[in-house]
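As written, the chain order gives the labels A, B and C, with residue 1 at the start of each chain.
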Amino acid sequence: MAVESQKGTQHDQESVSIRADDLAAMVEGRLVGNPNIILRTLAAINEGIPGSLTFIRSASFAKEWADSLCEAALVTEGFDIPGHDAENKALIYVQDADVAVIKILEAINPGIAKPNTGIHPNANVDSSASIDPSASIGPGCIVCKDAIINAGVVLVANVYIGQSAKIGSDTFLHPGVVIGDRCSIGERGLVFANCVIGSDGFGFLTATQDRPVLKVPQIGTVEIGDDVEIGACSTIDRAKFGVTKIGHRTKIDNQVHIAHNCIIGNDVLLCGRTTLGGSSTIGDRTMLGGAVILNDQATVGKDVKVAGGTIVLDTVNDGETVLGVPAMPVRIAMANIAAQRNLAKFCRRVDKSLKKLDDNYQTS
Amino acid sequence: MAVESQKGTQHDQESVSIRADDLAAMVEGRLVGNPNIILRTLAAINEGIPGSLTFIRSASFAKEWADSLCEAALVTEGFDIPGHDAENKALIYVQDADVAVIKILEAINPGIAKPNTGIHPNANVDSSASIDPSASIGPGCIVCKDAIINAGVVLVANVYIGQSAKIGSDTFLHPGVVIGDRCSIGERGLVFANCVIGSDGFGFLTATQDRPVLKVPQIGTVEIGDDVEIGACSTIDRAKFGVTKIGHRTKIDNQVHIAHNCIIGNDVLLCGRTTLGGSSTIGDRTMLGGAVILNDQATVGKDVKVAGGTIVLDTVNDGETVLGVPAMPVRIAMANIAAQRNLAKFCRRVDKSLKKLDDNYQTS
Amino acid sequence: MAVESQKGTQHDQESVSIRADDLAAMVEGRLVGNPNIILRTLAAINEGIPGSLTFIRSASFAKEWADSLCEAALVTEGFDIPGHDAENKALIYVQDADVAVIKILEAINPGIAKPNTGIHPNANVDSSASIDPSASIGPGCIVCKDAIINAGVVLVANVYIGQSAKIGSDTFLHPGVVIGDRCSIGERGLVFANCVIGSDGFGFLTATQDRPVLKVPQIGTVEIGDDVEIGACSTIDRAKFGVTKIGHRTKIDNQVHIAHNCIIGNDVLLCGRTTLGGSSTIGDRTMLGGAVILNDQATVGKDVKVAGGTIVLDTVNDGETVLGVPAMPVRIAMANIAAQRNLAKFCRRVDKSLKKLDDNYQTS
């Protein structure tokens, strides 16, 4: 099945097609409808074209099915789908439609051509570095003294690995990534282009009348767990001393800034352009929306949700959902935001009422 | 005419000088005043020095002319300029002073030395890539399998062009730019250093009790139109499937983050550090100020203006001007912001009035 | 003395140990307590382990000393330290504990191995460039026509130095840094990876009915003073004409964006992800917190403090401390923020009171 752009790309991938019943088998789903439909693309339910597959994972999507031009849908078991035309369309029931879509995307992913193993002649690798023979060190890469590059690692091109840094097995570093001295990444990591790990923390003593500003040496490192993904142009500073730590399976979007000595748990999600101040901590399974700011030393617990644009000054407890500037429990924040949207009007109305009451009192 | 720094640079460009009448001819303007004045630099109207040229495009600038030390000014036709000393100074009337300044800046631009055409011996170009002979592939550049580099393209240095990516004619990529597999840029594009186009979208299914977080494969591409400019360290993610699309003549500042599946129209301006959430859309000719945030799926219409620092949660209609957190029509937002600035004071005043009225009532 | 991670790093540095009396001599301090204690690591006062050194620079730290597991502390003279066990622990009094810690961090800093001087065979240096023989030009670096690289400069790897750019003595540029044509950095500078200096300012005339958007040529430069530090993935645009200027000893964190024609004074601190609009100015010794936004043309005076997340629209006077959106004097801002946090509740209460008063009046 091809993933064609609905917007008219000139770079269509090679066309692939699959029958509805073969697709059902691929995702171990239960087919209701026409097994012979040929599917060639994915589409949103309201943007269907002939030959397109969609997914239904909510009651509102279920109601749109009868009118959708998509010819097949992956359905999370349990939804009632009114008006299904079983003669001309196909529903494929699965335990979780989102998970099934992942299986399909993985199957049709054109992916990245695995580069050749070994060290490209235009790479510069120090003779003391340890490079597994199954690793791929692309053109323009630099690997410094005593660095360790484990099995299956890919450094695509122009990647810099500092002295005594360590890259775990099967980790993939896109072009322009920079890993500072003594920093480490775990296994199966994925780091996007121009990301910088191990720059100095921003630590200075401010100037006094007697002396200029003084730099506090930043002699710590960064330690990143297994199965971590880090976005393009994100930056993670090394610790003042000790480590800046990122837990296992944590996923970090583009242009995120993580300051020195932050401690981030496992299974955390940090969306685009979020900023973590120095020594802030985040518990396991917590999610931060886009452009969130954590103050220096802020403490965010486990299983927390922080809405985009929020500023966290101090502490968010386990399991809370917070929003706002500064962060508040979401219900209070929503009520306050609603009140703020009408604030000028409210102020005028109150002033008028007070004046009237005052006048009435004076004259009564 | 030289562009000398008013702040004492040690790197002055070679001195150029031009007579006021020659300048008027260059911009096809109407000269009123002394044609023999020699101009050697540009300056703001209130920072003039002898030999400096300024521009007048507003009534307030027009009033400053009599006292300005600038010796000449480009004037947008239609302004009344009081106190012009036509013996010692020159006014050059043009249809649009801003456009005339552009002509002058272009004429005196030291520019960038056009690099040699051809492939630098320290570049790495796959034998299957198509490279126009008039293109310039600088040192440290990598061009992957089946990539297409059209006529007049410049890859300055250390640029990475992924597999099957396509760069349109006369597009200029500064050092460290990374273009992902299968992504495309149109003609006459300009991309600044360390910009990343085609990193993966940030798509995950959050963890459940039964399974860890799952990555949603991001198998789409990025398509960028003609005459697009993109700033340093900006990042544009590829689509989950389909395309992330940037229209013609759209200009994007530094450190802008554009998530997967965004659709941005023609002639759009995105100022520094703006963040677009996944699948958000922006109509033609819309302008976003600095550090704006669009929520996932936000829809911003055509001819919209969004003030810096605004957060757009859902929809902005064609032609609106919005401001605030969250975005509101600008007049309401300004009134609310004014009310917020006095909020503590207002609350104290209201509490006092209510107490007084209540006391009065009790005792009356 | 080793700096071991308290979090279990596998990359411990070589163990170093030092006696308390030797440490006191190193920082020229006055020892009170056991001179024979062997110190092997640094720790926060409440995270002490045997062999750890901490620091006391506040009354609250002083009170924690009796219960701390740290065995020694650097103390800023003048604090009373209750419950000091002089037999088993050591206090080392110094003029400023923070400065003493810097001395120690410097002494134990594993640092960066000074690279070989000279030009790496995989660098590309134009024959017209001037390279001091004591400079180090690493692999993948490009140095263009007429560039000047002074004594002791280090370009680690994949650094790009544009035409006629100038790098002052002993300045250190991390991998992937890009310096644009004609831009200059002073002496003893430190620029972290993938930072871009000298990209074009974002200057356009918006489209009219008669013509498309027009680019305003950006023909100025960037001038950076001595002893300046700039973080990873930060971007500094060249001026439209004239210069974008950064003063001496100014320190800039990661992902900061400085637009064209900004003028920043000496000894300024700009924290992570701060954005400066075009032609904004900042006076000497001013500090901006993280993610601050300065509007185009904003003017921030000397000795100012701007709290994180603040938006400055126009002017902040010398010596002020400001906070909020938009910036307000900190006391007013704090009062307004407190009122905002209770706004919905306040509105409900006022409405209820007004209604009650109104009812009372009607019925009285």
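The definition used in the following text is that a residue touches a chain if its C-beta (ideal position, glycine included) is under 8 Å from a C-beta of that chain, and two chains touch if they have at least 3 such contacts.
Just so you know, these numbers come straight off a predicted model, no measurement behind them.
Touching chain A and chain B at once are the following chains: C.
Taking only C-alpha atoms, you rotate chain A by 120 degrees to land it on chain C; that is to the nearest 5. Distance between chain B and chain C, defined via averaged C-alpha coordinates, is recorded as 26 Å. Among all residues of chain C, those that touch two or more other chains are 122, 140, 158, 176, 194, 233, 255, 273, 325, 340, 343, 346, 350, 354, 357, 361, 364. Against chain C, in their complex, chain B makes its touches with residues 3-7, 9-11, 13, 42, 98-99, 101-102, 105-106, 108-113, 120, 122, 138-140, 156-158, 174-176, 190, 192-194, 227, 229, 231-233, 249, 251, 253-255, 267, 269, 271-273, 285, 287, 290-291, 308-309, 325, 337, 340-347, 350, 354, 357-358, 361, 364. Residues 122, 124, 140, 142, 145, 158, 160, 163-164, 166, 176, 178, 180-182, 184, 194, 196, 199-200, 202, 204-207, 212-217, 219-221, 223, 233, 235, 237, 239-243, 245, 255, 257, 259, 263, 273, 275, 277, 293, 295, 311, 325-326, 328, 332, 335-336, 338-340, 343, 346, 350, 353-354, 357, 360-361, 364 of chain C touch chain B in their complex.
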